[in-house]
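Several structures are given next for inspection.
Next come two complexes, and both contain chain A; in the first it sits with chain B, in the second with chain C.
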Partner chain A sequence: MNKTTDNKRTGHNRRDVLGYGIAGLIATAGLSLGSKATAQLAGTLRIGLNARDMGVLHPHVATGGADVSIIASVFSGLVRYEPTRVNITAIQPDLAEKWEMSDDFMTHTFYLRKGAQWQKGYGEVTSADVAFSLSNVRDNEQSTFRPLYGNIDTVETPDAYTVVIHLKKADPTFVTAMANWQGGFVICKKASDEMGDRYRTEPVGSGPFQFDSYTPQDNVIVTAHADYYGGTPKLERVVYSYVPDETSRRFAFVQQELDIIQGASNQDWLAEVIKSTPGNPTVDLLGPERSVNLHMKATEEPLGNPLVRQAIAHAINRDDFEQYYGPVFKGTHSSIPPSYFGGLKTEDIPEELKYSFDPEKSRALLAEAGLPDGFEISTVVSERGDYLALAQIVQERLAGVGITLKLDILDHGSWVAAIIKEKRGTLVWSISSRYPSAEYLMREFFLCGARVSQPGGVQGFAEYCNEEFDEAYAEAIASADPEVRAAGFAKAQITALTDLPVVPLGAMSTPVLRQDYVDLGYEIADGEDVTSLPYLYHVTPATTV
Partner chain B sequence: MARMIFTRLLLMFMAMFVVVTAMFFGIRLGGTDPAIAIQGSYATAESIAFLRASLGLDEPLWQQYVMYMTGVLTGDLGVSLQNGRPVLEQILLVLPNTFDLTFWGMIIGVVVGVPLGFASAIKRNTFWDQVIRVGTLASISMPPFIIAYLLLIIFAITFSMFPVNGGGDMDILSSRASHLFLPAMALGLAVAAYIARLTRTSILEILSKDFIRTARAKGVSEFRVMTRHVLKLSWVGIVTLIGIYSAVSVGGSVAIELVFGRPGVGRLVIGAISQGDFTMLQGAIIFYAAFVSLVNIIVDVTYTFLDPRIRYT
Partner chain C sequence: MISSQNLNYDVPAPKSGLLALPIKFYKRVRSLPMSGQIGVLILIFVLGTALIGPLLVPHDPVSQSLINRNKGFSAEHWFGTDAFGRDVFSRLVVGTRHTILLTSSALLLSAGLGILIGLVAAYNRSNWVDSLICWTMDILLTFPMVIMGVVVVAILGQGTLNVGIAIAVAFLPRMVRMSRGVALTLVTSEFVEAARAIGASPSRIVIRHLLPNVMIEMSSISTLWLATAIKTETSLSFLGLGVQPPTPSWGLMVREGLSTLYINAWPSLLPVIAIFITIIGLNLVVDGTQDSLNPHTKDH
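Let's turn to the complex of A and B:
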């Protein structure tokens, strides 16, 4: 009898627990019913990133676009760019109140503001932190940007608020290396020493927002840094969500679950989002533009023949890409986008070096090269949509002039390994965004030291080397005069276009969308060309939702 | 009982040893080099070599294996190659999300599937039986992620009743539940279809037994026959199903986490594969293997309570 009673009671309790649980699940879920499932949250800005997960949040290591956008809200540089412009004329004081350089451009002195605080109680930002930071970016083997800071000779800190940087070679634009980007972000010595490897993913900076939490594959949350020297941010927190799927990002934005998203490079996609989203959302096409190029490895026949390279260039129609990508893509005739400092404008390029679409001329060049029936060539390509689309568009056009291009499609990681480690890329499509000045892409594409067969080679997939180019480049970067620099970069670009190791295809901007209730805290005029190094809007202390 | 549990645990560790070993060598045969995945377009031959060395990837494979297994045995699953954070810590951060999804998915599966299967069996060859059979067949024919997409489109996108993306704030019950409802329903409905069909078969088999006929001949009421004899006996089969589909639902949760953009162990696995993050992938697979093994042990133990005739050696 007792046993039966116990069993009954036990069974009843289980059912009750189950029933209450399910009722609870439905009821709590139902709290979102009847009203918008996820209306905007006061004090919280929700950003949807086109990324799968966090990499590292150490500014001297991170390269991923999603990581750098978070880093930009956590860290500060000695100087900073205006939120919508990246140019030496757009530099403003940040951790440094003022700066000066010697007449020979060899010594640069920065005077720090007093009272700037590190987040999480790590004290005041001093010159010792700046010296430590520069040492880290220049000497630490884990620093991604070591080559960019190799010109620093010594760093002196005569007092807690003065930093004197001596260079090995004159650099009149050195102040840009101290701006709020990559190695220019100042890291906290005390926190870095105390936290060790954890500093890479739980950073402590001096920017307006401080790292709060990370949920793998989901989000990073930063909260307001109350002691920020620029004033306590109006936002309480910013949630950076990882939403790699374009469709999910689109729907989350349309449902106003996200306030800002990185868009897709597809005009139909953008039009649909704008049409479906309540209110008046805005799309901005942010720079720095990504330079889109086709590298032709000159060490592989028949690509060693300049006539063949020219034939390939003339077979490609840049309008194809503009039709595919829409307004985010602009066909260009130089590997340095015209929006970059030193990038050649189309009208400044001699007609014969534009290599415009001309299939007849392409066939004639092939015949002149002794290949009247065309030829067959194979290469590897990434399966990633943006790369594969480029390759397939080119493949179709090359077929039109008798060149059979066989594509070996690899997953993205394997493709990168194939072109860098295994040197398998006969034709390599690159989509590269760098600081918007000609010198960076030039250094990575065309300098003799950039060849991927060299130990420090980055993107020299064409194995190109011409001393004339290197000399023009060296002359340009040694000058403080913007006109002299631009002229040197132009000369170098003309040399590269004449040799044609790389076919310039175009420049792509990054579409970013924001809801109409987001106030960035700064104005973006209609039609204004916005350049923002994090490839996302800068979130400032004045930003609100 | 204690001996049975000990034996099962021993077998579990042996199975996991095989899984971990096969996985360790298997995933290193893949093409993705984590050093390259980490550095992206800034990678140079020089920097790749340095990073490989600092990650210990240039050590002989057997040495990497010994180091890894030593770590695993001491509870250290290593650090993610992608971001340097401890693997175990990252798994534990998202585990509540995966637990929520699989637990509630199973609950929905059982609560919906068992009554449907039971009703289908006792209403055999009637209109309602056919409706249930066609419905469950349709559900089985669709992979869970299709069900997930349908629910997403209808209830989240068209009617804006539930959030589209993410796992919500785990500390706020309403946020957690509203983000969980559709994913759990998608998983639950997929599992319910299997459970309903197998429950029906199990009940029909019991209904054909002699003792059922005897009970009815003795005038026992139909309600009593069903509750005291059929249902009680059918629990052994249902528990087996729950055990099997717990493992299945863990697998199904991967796709559902992707569709709804929920954090979870499944997304960790997918991310680790695409980023060549060997250590994270190994850690997540160990978790899955341990989970499935533990569920099997729990099912075995449960049998002995439900049916005293079952004895393990």
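Let's turn to the complex of A and C:
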């Protein structure tokens, strides 16, 4: 028999091709028919997260939108925001029963509730845990929240249930730093000491749900914390599944295999999912809005030239994003969303600092900068849909004025590591929400100490430093008078817009979907503005399915 | 049994002008069974699209129009538009060029290197050079094609050129193994013995006597492997490791269309159909050629 012909036969032949065809047809048929919808699972809440995998579950270092939503159900803070609102007026007692502040705003005293238990038998939550927790976040090199806690001078614990915090500078709103978010989450000293690095991925907190298991790239399961001081949760467990692909997440939600999902930031997508899902599902556009920015690294040529940065700003059309994302996205002209306290309204920004879409002006600025033919620049970008779409839309607009942007697409985790640890990225897109007051984003993006290249730097991707900005910021946060604070924040924003280290693109809400059989345990009125820091609903002891 | 001599189809071209080659090609195609002829037509269509299609497309394949997102088929946009309002027809045509050019040049590179190494191995069949080459290639062969591609891209970084190299590397062990096998049947044949007897140098034997014969055999197997190469390229692009946006390629188009699969499936579905048709075409041609060469099936 012919040897060479035999060898060829090991590749493909008509039978194989026919086989592929039939397999393809069966797969398509299966996809279109779908399997029978799975009803809700009693006692189990199934949540689909927009992430590939768990990053870290230590509240003082986690920044990923998927990690923080799990952390929010495992940990608690001294005080908490009453669900659906994130505001100083919504602050309620949590681990602390009451608190007081000295007249000079320098000393803040918290009185802990007695009998609050750590999960997994680690004993009672005491003032020693709180003191440990605060020093952990303040002195933690890996924490991007430490600037907020850098203002803490000393922490005294006169007894097991009293914590006295002395500040370096007056801060009348310090209580928000103690709320159930990021560095405000109290960690367990005993568990952290005993477990070491393991505490980062198998956390022990004092919240309503305790960590049960983690399956890489699959899920994290938390179970009810029976000794929770707020009462044993009604749910037995919550399964947080990692479903990075929007289409898979949509499919699982429509099939009712997931009860709550993080949606895609796209109006068409949301409308289609709502239409296809049985029952009467709800989509909520959660605030605080995520501020969408393009950081331009001043230490990378030619971005050091302000004319080039202005040219980039004028090349971008905010209408593009509004069209692409739909009502989820609102174009803004300041990095602090107008819905935040201290955020500049568009009408309060001088016309020349709005950097509106004007390709002619952009080209003229490039010519003035000595780059009449434009230039080529490359950067890293996350593969996540919302980031990649921003980058591709900007890429096209920049091409229109002669700037060639090359994108090196990385998975989201690698991208975060690249821009923060490796300090890569000439142009960095950020989509971030914080407690809705200007100082939070300013502290992380614009202060001199925030520069990524600095030894304590956080998210100053633009390598921006202007003392005028720092001074205006400092004046604002030292005052208890809302008007003085707002004026200081406004001054700082005008300074930042004049220097233009960052192009403000817009503000985006976070779409989250829930099935009609999910009872969150608190009411959300129709048309109510829901704010929730963890990019997801708060899962409370009263939540049921 | 195909003897080594009749593998050397060194038929002198008839000197009857420009039409000779197309006529010869036409006759060869006509000698194929019907399925093979259809395959040839498909391939001509795909290659023609790759070569001249990009000159004729109605729209710039990377130009966005966000107001015209996810539009259906129309006279303006024949295959509709994608999530960025880009013309899907233009992207598909230009993507054909990227996919076909990239894979075939990668395959050529791989075949060039692979045949050379394979011949060296076959010529040194009784000493350590052959053993070393075979062992190395056997180890490389244990990696599935796409995994091998991912590893190479991980080392070299993303980008069109690196994907080409990744595909070439992924195919190298197969090329070496195959060409060595073909060459082994030749090195012991009489015409090689004769060349050696008249004092030809090893390099002359390899280049003048072994290479042309191996080339013919390898060219047909490479056509079949082009299908696998296209699958590898589209897989890598689908995984986000291949051609980088906004440049269109089939795999990237499938990936980009996934997020709007339930809103507008065409941007994803059309490249899948293109991949499907191309691979079918390649398989039909190879199957047809085999059938026409095989004495058992030739006359049926």
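Keep this in mind: the second predicted complex is superposed on the first by the 375 of 545 C-alpha atoms of A that agree within 3 Å, B and C clash if a C-alpha of one lies under 4 Å from a C-alpha of the other, contacts with A are read in each partner's own complex, and residues count from 1 in each chain.
What we mean here is this: a residue touches a chain if its C-beta (ideal position, glycine included) is under 8 Å from a C-beta of that chain, and two chains touch if they have at least 3 such contacts.
Small disclaimer: the values here were computed from a predicted structure and weren't measured.
*Asks:* In the superposed arrangement, does A:Val452 touch chain B (first), chain C (second), both or neither?
*Replies:* first
*Asks:* After lining up the shared chain so the two structures overlap, which partner does A:Asp408 touch, if you call chain B first and chain C second: first, second, both or neither?
*Replies:* In the superposition, A:Asp408 touches chain C alone.
*Asks:* Quick one: is A:Pro278 in contact with chain B, with chain C, with both, or with neither? Answer first, second, both or neither.
*Replies:* A:Pro278: touches no partner chain.
*Asks:* Once the shared chain is lined up, is A:Glu246 touching chain B (first), chain C (second), both, or neither of them?
*Replies:* In the superposed model, A:Glu246 contacts chain C only, not chain B.
*Asks:* First (chain B), second (chain C), both or neither: which does A:Met54 touch?
*Replies:* A:Met54 sits against chain B, while chain C stays out of touch.
*Asks:* Between chain B and chain C, whom does A:Gln395 touch in the aligned arrangement: first, second, both, or neither?
*Replies:* After superposition on chain A, A:Gln395 lies in contact with chain C alone.
*Asks:* Just to be sure I read the superposition right, which of the two partners does A:Pro216 touch: chain B = first, chain C = second, or both, or neither?
*Replies:* Touch partner of A:Pro216: chain B, not chain C.
*Asks:* Spot which of chain B and chain C makes contact with more residues of chain A, would you?
*Replies:* B
*Asks:* Regarding the shared-chain residue A:Pro327, is it in contact with chain B (first), chain C (second), both, or neither?
*Replies:* So A:Pro327 meets neither chain B nor chain C here.
*Asks:* Identify the overlap between the chain B-contacting and the chain C-contacting residues of chain A.
*Replies:* 24, 245, 411
*Asks:* Write out the stretch or stretches of chain A touching chain C in their complex.
*Replies:* Chain A residues touching chain C: 2-5, 7-8, 11-14, 16-17, 24, 245-247, 250, 264, 266, 268-269, 272-273, 276, 319-320, 323-324, 383, 385, 388-389, 392-393, 395-396, 399, 406-409, 411.
*Asks:* Please name which positions on chain A make contact with chain B in the complex.
*Replies:* Against chain B, the touching part of chain A is residues 18, 21-22, 24-26, 28-29, 31-33, 36-38, 48, 52-56, 63-64, 141-142, 144, 197-198, 200-201, 214-219, 241, 243, 245, 248-249, 251-252, 254-255, 257-258, 410-414, 416-417, 420-421, 430, 432, 452, 454-459.
*Asks:* What does chain C use to touch chain A in their complex?
*Replies:* For this pair, the touching residues of chain C are 1-2, 35, 62-64, 66-67, 69-70, 83-84, 157-158, 178, 181-182, 185, 217, 220-221, 224-225, 227-228, 240, 244-246, 258-263, 276, 279-280, 283-284, 286-287, 290, 293-294.
*Asks:* Mind pulling up the chain B residues that touch chain A in the complex?
*Replies:* Contacts found on chain B: 31-33, 36-48, 50, 54, 79, 82-85, 90, 93-94, 104, 107-108, 111, 152, 156-157, 160-167, 173-174, 176-178, 180-181, 184, 258, 261-264, 267-268, 271, 274-276.
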